[in-house]
Amino acid sequence: MNGYELLNVTFQFLESFAFIVLATVGLAVIFGMMGIINLAHGEFILVGAYATTLSAHQGLPLPVAMLVGVVATTIFGIVLERTIIRRLYGRLLDSMVATFGISLVLVQLTRILFGNSIDQVSTPFGAISYGSYSYSLYRVLLAGAAIATLLVLYILFTRTAFGIRARATIQDEETARSMGVDTDRMYMSTFAIGSALAGLTGALYAPARASPTPEFGSEFLVDAFVAVVVGGPSVLVGTPLAGGFLGLIEAFFTFQWTQFIGTVAMLVAAIVMIRLLPDGFSGLVESVRTSWRESE
Amino acid sequence: MAASDPTVKTTRAVDETGERSSRILQTRDLHKEFGGLTATDTVDFAVEEGELRCLIGPNGAGKSTFLNLITGQLEPTAGSIYYDGIDITPLPSHERVDRGISMKFQVPTLYEDLTARQNLRIPLQRIVDADEFETRTRELLAQFDLLAEIDETPAALSHGQQQRLEIAMAMALEPTLMLLDEPVAGLSVEETAEVAELLRTIQAEEGVAFIVIEHDIDFVETIADRVTVLDQGSIFTEGTIEKVKTDPAVRRIYLGEER
Amino acid sequence: MEGVRMSSEPNSSLLERVRSPFEGPNTLGNSNGFWLTFGVGVVSLALYPVLFGTYAAGERAVFLVYALLGVSLCFVWGFCGILSFGQVAFFGVSGYTFGIVGLNVSSYTGVTLGIVAGIAVATLFAAALGYFMFYGGVRDVYVTIITLVVALVLKTFMDQTAGGEWAIGEAELGGFNGMRNIPNLAIGVGDVGIDVSRAMHYYVALAALIAVYLGLRVLVNGRFGYAMVATREDETRTEMFGYNTTLIKFVTFTLGGALAGLSGVLYVTWGNYIDPQQFAITAASMPVIWASIGGRDSIAGTMAAAIVLQWIELQLTGEWALVIVGSLLVFVILAMPEGIAPRLRTFVLDRQSSSEPATAPATTEEVTD
Amino acid sequence: MTRRSISRRSALAGGVASGLAAIGGCLSEGGILNGSGGSDGPMIGVLEDRSGEFALNGTAKWQASLLAVEELNADGGVLGEELDVYDPDPQSDNQRYQELTREALNREGVDALWAGYSSATREAIRPIVNEEEQLYFYTTQYEGGVCDRTTFAMGATARQQLGAVIPYMIEEYGPRIYTIAADYNFGQISGDWVRLLADEHDAEVVGEEFILLGETDFGSTINAIQGEDPDFIASMLVGNGHANFYEQRADNELDVPMASSTTMAQGYEHRRLDPPALEDMYVGVNYMEELETDRNAAFVDAFYEQFPDADYLNQEAQNNYFSIHMWAEAVEAAGTFDQETVIAELEDGIEVEAPEGDVELDPETHHMTHHMRIGRADGEHEVTFSDEQYIEPSFLHEVGCNLPDDPEQTQYEPDEFYDEI
């Protein structure tokens, strides 16, 4: 492996890492904090991508269009939470079926409203060149966006009053309520954050993908599920570790053989990881941490 | 009472020293750590056949951990557990149950969708044939004064009835050692007295040994042959209830904290 | 048998005695009315080829095949609490295995061997996966996701098996294009045997479904069923009654895999074709949806939901079809969380207690479709 | 008849076992309640995807088919009868295709069937079509090689498309070819054709990668291409996931020209992707909406008049359109809808005025001789055409497919016949 090839594999890793983390965060926040597996997660990403692309077609500059994508998805998430999701708290499996139904409806409604595809917005920034190789700068920058997203989440959940209330609600709803936390509102806000993150993913990938189609969201689903489980219930710890681990496996095997081998290696690694760490990376970190504190 | 078992053992009085050869349970250097923290600290502990032993100690003393080690729900970091003279440390929970260890959990864990009869079937079907279900069910329910509730689901039972049904289910396996985690927590004075009476009767008529975790010191006083006080994962002291009650050190660590 | 039965008054003893092994608290329908409805349902399904012709029956056989797949999930999920997205994996593996054997060993011997091999491989696969998971301490939602990922790995793998290097003897796996020309169902040795296609295939599928249904009723109302239900409700507690819950989950999961394998064989002999799409996320979700809608602890409910939902999907054409199906799922989950069959039962019981003993309560009306 | 069946039915209530025996006696194909099944007049089946993965390609196929039927009916129908269409949406789902095909053949009794975009779909339904000896038109451009008595392949084959574009590219840009293709039969066989054509024209395939359908990440593929630095890329990628390659090629500023058999004419990537993703893309096609002939202008106008919201009129849609007209001509000539007679009529050799130009059915192979052009997209995604050739389906002739003399139901693959692969 010469220096250029090392750069190639590094960039491929960064791209995989960014994709896994960004595909996962929204799903992970909702799953980790609320115990709901949102099978319509891909379609939340779809909403973000469509809102971004369509508003960019209206002449808005790309960053503004992306903001529109995030806001639209957030509002969409809140509406869905108020009408349907809130009735499913504590019913993990029912929520899976209901969100699967929502996903079917959204995909087909998108098709009915906007046709089989919408025109693409081009990727900004161009490429980095090195030797005979080059790599899209935007794709590399997505890794930065992924890390920034995780940092913002970290600050939100550990340094703000909202975050402390949210975590209290997750740990013990009864106690939190008795201490004056409006848990209903807490869940709504958490769901809104999860939706906003999915919207952000859609917004960021709208220009980095071929023209959006109603199936846009499904491309993210497999990586998101795998990473949520490998990461375990804690978003802040699990998601980056899962993204790093799975991204590394995928990039290495892809570089060494082909993208197909990379994909299969990543999925197999995920199965083995779940077997070894039934509560994922965050379970591992958690058990190391609690072992220092308490026993019973 | 249906004392159908012909091999009824009689209760043995326990002398002050507590030394006996007929140990049903014995732990040697039993040790459990969670990460860096010690929950059970090299415990040597023994229960005689047919004895009713109470485990007391402040919150976090390691009582539940200790019971979980005996049932096999937890694996010890070091040490061994002997049951009826055999090292059961490597055995999984269900095999320990097969050897005669039965457990009633602290939180009620009845099967919500099933009636009392069906709940009892779950332990019963492991040891009797299908044509004996009904007879044994009725015997057990009669023994625990629940015959009228035979077709009720747990939701329709009072708290005391639920506790009795749980003990009945644990007894259905005809154990030689019963582990009870706070059997009277949340019960009224009358219900507590009923349970105490019940345990004494079982002990007397069927020769079952008990290890009971309990906070209610009056209850402990009513039932216990001997008492073991746990503190910070190790045995602080052991002996009759009178001896333990009057020990000023015990009062300091346990009773003082209790009220 | 005293202890097993529990509800009805002692009247017609022969009927009761015939019924008793099939009844118990672990299944929903235990009344004369239920069995009458069930009988009507079975007879209606049996009459379908007569009324609508052998072609129609041949086409609809796939509904029964998928109902069987739904039942395999209902068994592991509804009765033992293991939500598996991997039923399609066993279904597909069995289908491909049947195809490989059937295409390589000509004559009736091949097909008969294929049936055995398909179910055997699916069962072994489920056993291996179950051993890996349950003896490794994987539980709850993580079991769900592992099974889903296993199905997706199979999809990814099978998708790229195009070309001659992926032929096993005469059988080309075919990659994305799928494996084709898989023989019809038949049984026999050498040149002597019976071909099963079209209406006969329909009847075989129906017979398999009914046999599995009755067999599972006996199983779940017997000793093992109690152990499964106890494990589903509280694993630790059940362990402390001396049950090896790990073994119970392992056996249940393996049996579920075998049933999915049986439906896989019936599937490939229906369409003479299988492709990796059978492992995809949409396909993997379908059994979960049927069981959720029908009632995950109601075998008859799951069967009925599978048949009715497939029928609705086929009837609905045009661009709003998927919107309607999706909305229906959301509506059912919100309106009747425990599924339609348990809800119907509650409804029937309420009516019975409020009015005088009702005749023939329609517990699973959908079956008659 | 009805009376007897009813008494049978009441007997059945007695017991399932005896009932099953009784059923044996009165089973019939149509059943009792099913009526006659199908419409009274002539009917064709059009099973094309309007939702799911292939909606992008299937929608226009369906629309163009309806347009053809509309035109026929406006013109007095076929044999004086109004033509009906059976056209449920198969939703890109092969199992649904199987169900709907059986429905079309057995219940609706269609006189001819148009169905399916992907080869996977074709192979899923062909056993059913074969069993019923159904007249079937498959209109997608495909890998080639299907030699089937009742199947008529209307699309250009890989041999026809690549045979047009690969030699042109070798001439224009040089002999070093890097092949990327979808990892299934279509892609692999197309890859084989590229190697054969390279061999024939003293060129060389310097790299070859088969990519799983639905793959969206092409970073490593692009790096691998850059490592080899070929003269041009032969791209047989399929589906919207793979369209990401073109997008990423532009992002990464990889400016190697591309030859293709799959791009633009089907999924109109040049319209959907932002330029310059497809700059220097050369595709071998028999038809594109942009074709500048008077006949095509009229066709495009009629299409958008009928379907003002349509996305694009693709190559396959044109194939559906002309083949429905061709079938109607054959029926008129035969004077009957009887499928055997119509097949015989088609095998007599038939020519039809298609929007791409006059095309001819090759009786021996049931394939079309097509006008193959090379469409090139520039930096603004403007498409221009050059180098029109009239190319026969030669591969099947070489393997000896002669359906009128030797009816068979096979798919031949090039690696069985050429040592070079």
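Note that the chains take the letters A, B, C and D in the order they are written out, and that residue 1 is the start of every chain.
Going forward, a residue touches a chain if its C-beta (ideal position, glycine included) is under 8 Å from a C-beta of that chain, and two chains touch if they have at least 3 such contacts.
The structure presented is a predicted model; accordingly, all values stated were derived computationally and were not measured.
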| request: Would you mind checking which chain's mean C-alpha position lies nearest the centre of all protein C-alpha atoms? | output: C
| field | Per Cα centroids, the chain farthest from chain A | value | B
| query | Between A-D and B-C, which chain pair is linked by more C-beta pairs in contact? | reply | A-D
| query | Rounded to the nearest whole Å, what is the centre-to-centre distance of chain C and chain D, using the mean of the C-alpha atoms as each centre? | reply | 36
| field | chain B and chain C: spacing of chain centres that average the CA atoms, whole Å | value | 43
| Per the centroid of Cα atoms for each chain, what is the distance between chain A and chain B, given in Å? | 49
| task | Among the residues of chain B, pick out those that touch two or more other chains and give their numbers. | result | none
| field | Of all residues in chain A, the ones touching two or more other chains | value | 108, 111, 260, 263
| note | Contacts with two or more other chains occur in chain D at residues 51, 183, 210, 212
| chain D - residues contacting chain C, complex | 5, 8-9, 12-13, 16, 19-20, 23, 26-34, 50-51, 88-89, 91, 93-96, 98-99, 102-103, 106-107, 118-120, 123-124, 126-127, 183-185, 187-188, 210, 212-213, 413, 415
| remark: The answer for chain C against chain B in the complex is residues 1-4, 6, 25, 223, 226-227, 229-230, 233-234, 236-245
| field | Residues of chain A defined as touching chain D within the complex | value | 8, 11-12, 15-16, 19, 108, 111, 115-123, 126-127, 129, 132-136, 138-139, 208-211, 213-215, 219, 254-255, 258-260, 262-263
| query | Mind pulling up the chain B residues that touch chain C in the complex? | reply | 71, 73, 92-94, 97-98, 102-103, 105, 109, 111-115, 117-118, 121-123, 125-126, 130-134, 137, 151, 169-170, 173
| chain A partner contacts - residues on chain D that touch it in the complex | 51-53, 55-56, 59, 183, 209-212, 214-223, 226-227, 229, 240-241, 243-244, 246-248, 250-254, 269, 271-275, 277, 309, 311
